[in-house]
Amino acid sequence: MPTPPISRFPVPALANLPEDVRARILAVQEKSGFVPNIFLALARRPDEFRAFFAYHDALMERDGGLTKAEREMIVVATSAANECQYCVVAHGAILRIRARDPLLADQVAINYRKADHEPHQRAMLDFALKVALDSHEIQDADFPPLRALGFSDEDIWDIGAIAALFALSNRMANLINMRPNDEFYLLGRAPKK
Amino acid sequence: MPTPPISRFPVPALANLPEDVRARILAVQEKSGFVPNIFLALARRPDEFRAFFAYHDALMERDGGLTKAEREMIVVATSAANECQYCVVAHGAILRIRARDPLLADQVAINYRKADHEPHQRAMLDFALKVALDSHEIQDADFPPLRALGFSDEDIWDIGAIAALFALSNRMANLINMRPNDEFYLLGRAPKK
Amino acid sequence: MPTPPISRFPVPALANLPEDVRARILAVQEKSGFVPNIFLALARRPDEFRAFFAYHDALMERDGGLTKAEREMIVVATSAANECQYCVVAHGAILRIRARDPLLADQVAINYRKADHEPHQRAMLDFALKVALDSHEIQDADFPPLRALGFSDEDIWDIGAIAALFALSNRMANLINMRPNDEFYLLGRAPKK
Amino acid sequence: MPTPPISRFPVPALANLPEDVRARILAVQEKSGFVPNIFLALARRPDEFRAFFAYHDALMERDGGLTKAEREMIVVATSAANECQYCVVAHGAILRIRARDPLLADQVAINYRKADHEPHQRAMLDFALKVALDSHEIQDADFPPLRALGFSDEDIWDIGAIAALFALSNRMANLINMRPNDEFYLLGRAPKK
Amino acid sequence: MPTPPISRFPVPALANLPEDVRARILAVQEKSGFVPNIFLALARRPDEFRAFFAYHDALMERDGGLTKAEREMIVVATSAANECQYCVVAHGAILRIRARDPLLADQVAINYRKADHEPHQRAMLDFALKVALDSHEIQDADFPPLRALGFSDEDIWDIGAIAALFALSNRMANLINMRPNDEFYLLGRAPKK
Amino acid sequence: MPTPPISRFPVPALANLPEDVRARILAVQEKSGFVPNIFLALARRPDEFRAFFAYHDALMERDGGLTKAEREMIVVATSAANECQYCVVAHGAILRIRARDPLLADQVAINYRKADHEPHQRAMLDFALKVALDSHEIQDADFPPLRALGFSDEDIWDIGAIAALFALSNRMANLINMRPNDEFYLLGRAPKK
């Protein structure tokens, strides 16, 4: 079987992209050794590309109470609930690397309740899933238990906002049938020493 | 009963905002006569504010096959499915104005299948709801019927991307319990002449 | 677009109706200034017309612990859950008038949890929604918290019975595709003084 | 275990009931040999009692295209979907008697798709369940297939209205935890000859 | 209407079955007076037949804290949730016999929450339904309340394993459209003395 | 974090097991290089252990139209729908090996509709999921399309029976919180040559 295309929509040639978009793509290729397909698939609409990655960086690269691995746990758990092939595979790889744990990503993707996480991480994921699936039921009473586990209000915003951003991202990936790069599947799978 | 706050999170003073954020807020106030609460509620995180409105403008102000009223129909229908108070009330007002129709917004919000729309608009909303609620089931077979009704592939991207963006927006509004401005409720309700 | 019909089924001429049915219709016209479409749409079956309005009046005009506005809140919240165009629009108008509040009806219709209501009204609506959507799970334990908020057992019957009656009403309106009168959309929208 | 009460709410003494309500109860006792509990449980509110049974008789005793057994099939199938103990047991008994079939009621209650029914009855029950569970999705396209199977528009109204009435009835029975009379369980179970 | 076949798949002649399978079938016929259709429908695959009944006997005939009637209650409640015609009818009959109660099986099948059971039986059924419908949400916190009601850990395994076995059985019966024997409907319906 | 236990229930020592159970366990260890935890977790109840693996072998080792890889695809897809950590991880590994494809298992687990499969395999999985989640809706009309894709009736039985067996297996694994062996995560991940 030939490899299927990376998107239902046409993918532009690098040479035809605006300079800033091309620069961002070349930078990620330099750093990762390959270009994650989301950069190519979204580049056909440069304004949306810029807005998406600006939003992404604002939440995923932010300093704050949540570790980078915890941010990726939120992405993987909510993307699995939305059955987003691209996000679970790509961010599963990033989670393995950031958590230095080869098992955690698959555990979170299949049933986050049973992952090898700390109690506060379980509460974090419960809340992220509520934002992802039942945000209309969020109420004041959801906040004190999170604060009692050490989450600041800024952390709670981060949890909710990451779940909200990937609500968008999962839907875009499903809309365009975005295919994860083969490289992601193997990244970070070497066992813990 | 005193008016409840517009957000669960603190709202910054205009004077403390970065210049570009403040300028955007003043511009909308100038144009609308009031500041829609989403501008104030998101301003506390300027990077996310900028990314959100850049994304919003890229999709909602875009030239293309969908009319501005149709874009608002997508927002209202999907936001109603997510029970987002702010988005249904605020974009309901915008829809009334852009469609020059005082009934359409409420019809779409309560049961979009029964709104006074054209057949191609019904198909547009069915697809938007699929993106909003069941994006994992989108398949190639969903596209030809939309094309047969006159939607280009760029239009279909717009439908899906607007539904995806408001998946984010609805969840943020529910996370922070964003309150719609009282002004929205009455806008555009004068009967058609 | 010409105005669509008010029902999928034929609507009888006033002149052909039994005297009591016609009298009821003329009385509501006298009082409201127009004939709400439900009177015309149901009149083709006089026995069902009589039974429906007898049931309606027994519950909605009843003296008791619930205010008339609260009874309408139950109608709007449960009818929104059933996506009943007619009932949300028509009873939304009545709610605005009875509560002397131009915002409450839309708030209740979109997400009743976030309406500007009192705590006992929130509990009332939670119970009404349980009757509307999950009545098989009602249990003895549901009653003491309602009593603790000041509801008598007769009030609880009223809450449940109104939700039950509009379970019927919503399904009839959806069955016949009943259209709300244009007049309802604007009623009671003048801002509070 | 002592027999539990027939309702969560008090049941009035026959002697204290209005004359017409008492007469109706005595008549059913005369005819059936016992008083079905719904008569006693609803009698405490005579106006609602009268409206309910007027509605019931208008639909269940009506001449028309549907047989009386078919009307009961609709009741049993939709009441099973609502997990209404009283309605499934009581109307299951009536269905056995009216259809002269000792098996049909249980079949319809457990999985109506597998009952020993005719194809047009299967379509009738599919539509009744749509009214009971998803009435907001009813559309014009639902009607021609029913007409093609021989149902008149009056028959379709009957199907939908019976499903709607028992949407009310099931919720009332669940609200008050109405208990079916022991007599119902055995009625009509003698095998077909 | 001629009696429909007992399975969508061919049913083998007794004479063609392996000796142990035929012996088992003759034994049940000897004991019950008829051959429950599941024995005939599964016999076409002797290895699966043997595995199924070995599993069944290991759980349903086991000594332990649960009574045989309680084991059947679990079967009826979970099979009703899966709308399995065969299992509800056949095990409903066995439940009536084992519990010496002509009403309990129908009560459990329609809405197990309202059956005439003891409080510990209600908790048993709640847990069985969680295993049947939401096993991914089972957590350590589910166990102490069951232990407090007197269930040993072996009993809890039994509850869960019976629900799991009939998850299989219900799906097989639905796959092959297995028909319950007419005899089951009347068994055990004589009133309690 | 110390490795959590492999089951909520005690795990017996090999030395205390019946000879046949121990022999089976030693054989799998010999073949695989480790003992999959399901053998240890179920061994405490030898009769259920024997019945489970007899059923498993009858379906998974059977000759027939389905390849062994296809049988594993059914297991992974339905176990993912049930969020069964053990079955998705363990059978995902077996699927990678049997299909000689390092990507297929994760694709099937996250969203089986988007896996790199043949059209007949997509139909196979659609039917398996219907058995797993909505078996009460299976009808005669489901069979001809499968036959048209080349599936024999024995193949269809296999698809359904495997989905049914893992309905049991998933629930048992969730009941006892069965942990997949670490070894499974890396098996079969070497890229295709």
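The first chain written gets the first letter, and so on, giving A, B, C, D, E and F; residue counts start at 1 in each chain.
Criterion: a contact is a pair of C-beta atoms (placed from the backbone, for glycine too) under 8 Å apart; a residue touches a chain by one contact, two chains touch by 3 or more.
Being a predicted model, the structure only gives us computed values, none of them experimental.
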Message = Considering only chains that satisfy the touch condition with chain A, which of them also satisfy it with chain E?
response = C, F
Query = Taking C-D as the reference interface, which entry in E-F, B-D or A-E shares over half of its contact pairs by residue number?
reply = E-F
Query = At the place where copies chain B and chain C touch, is the share of residue numbers found on both sides over half (same) or under half (different)?
reply = same
Remark   = Per the C-alpha centroid definition, the whole-Å distance linking chain A and chain B comes out as 24
Note = CA centroids of chain D and chain E: separation to the nearest Å works out as 28
Query = What are the residues of chain E that contact at least two other chains?
reply = 83-84, 111, 136, 177
Message = Once the touch criterion is applied, which pairs of chains come out as touching?
response = A-B, A-C, A-E, A-F, B-C, B-D, B-F, C-D, C-E, D-E, D-F, E-F
Query = Along chain A, where are the residues that touch chain E in the complex?
reply = 111, 113
Key: chain A - residues contacting chain F, complex   = 1, 4, 80, 83-85, 88-89, 102-103, 106-107, 109-111, 114, 116, 177, 182, 185-186, 189, 191
Query = Within the complex, which stretch of chain F touches chain D?
reply = 136-137, 139
Query = In their shared complex, at which residues does chain D touch chain C?
reply = 8-9, 45, 47-48, 50-52, 54-55, 57-59, 82-84, 131-132, 135-136, 138, 140, 143, 153, 157, 160-161, 163-165, 167-172, 174-177
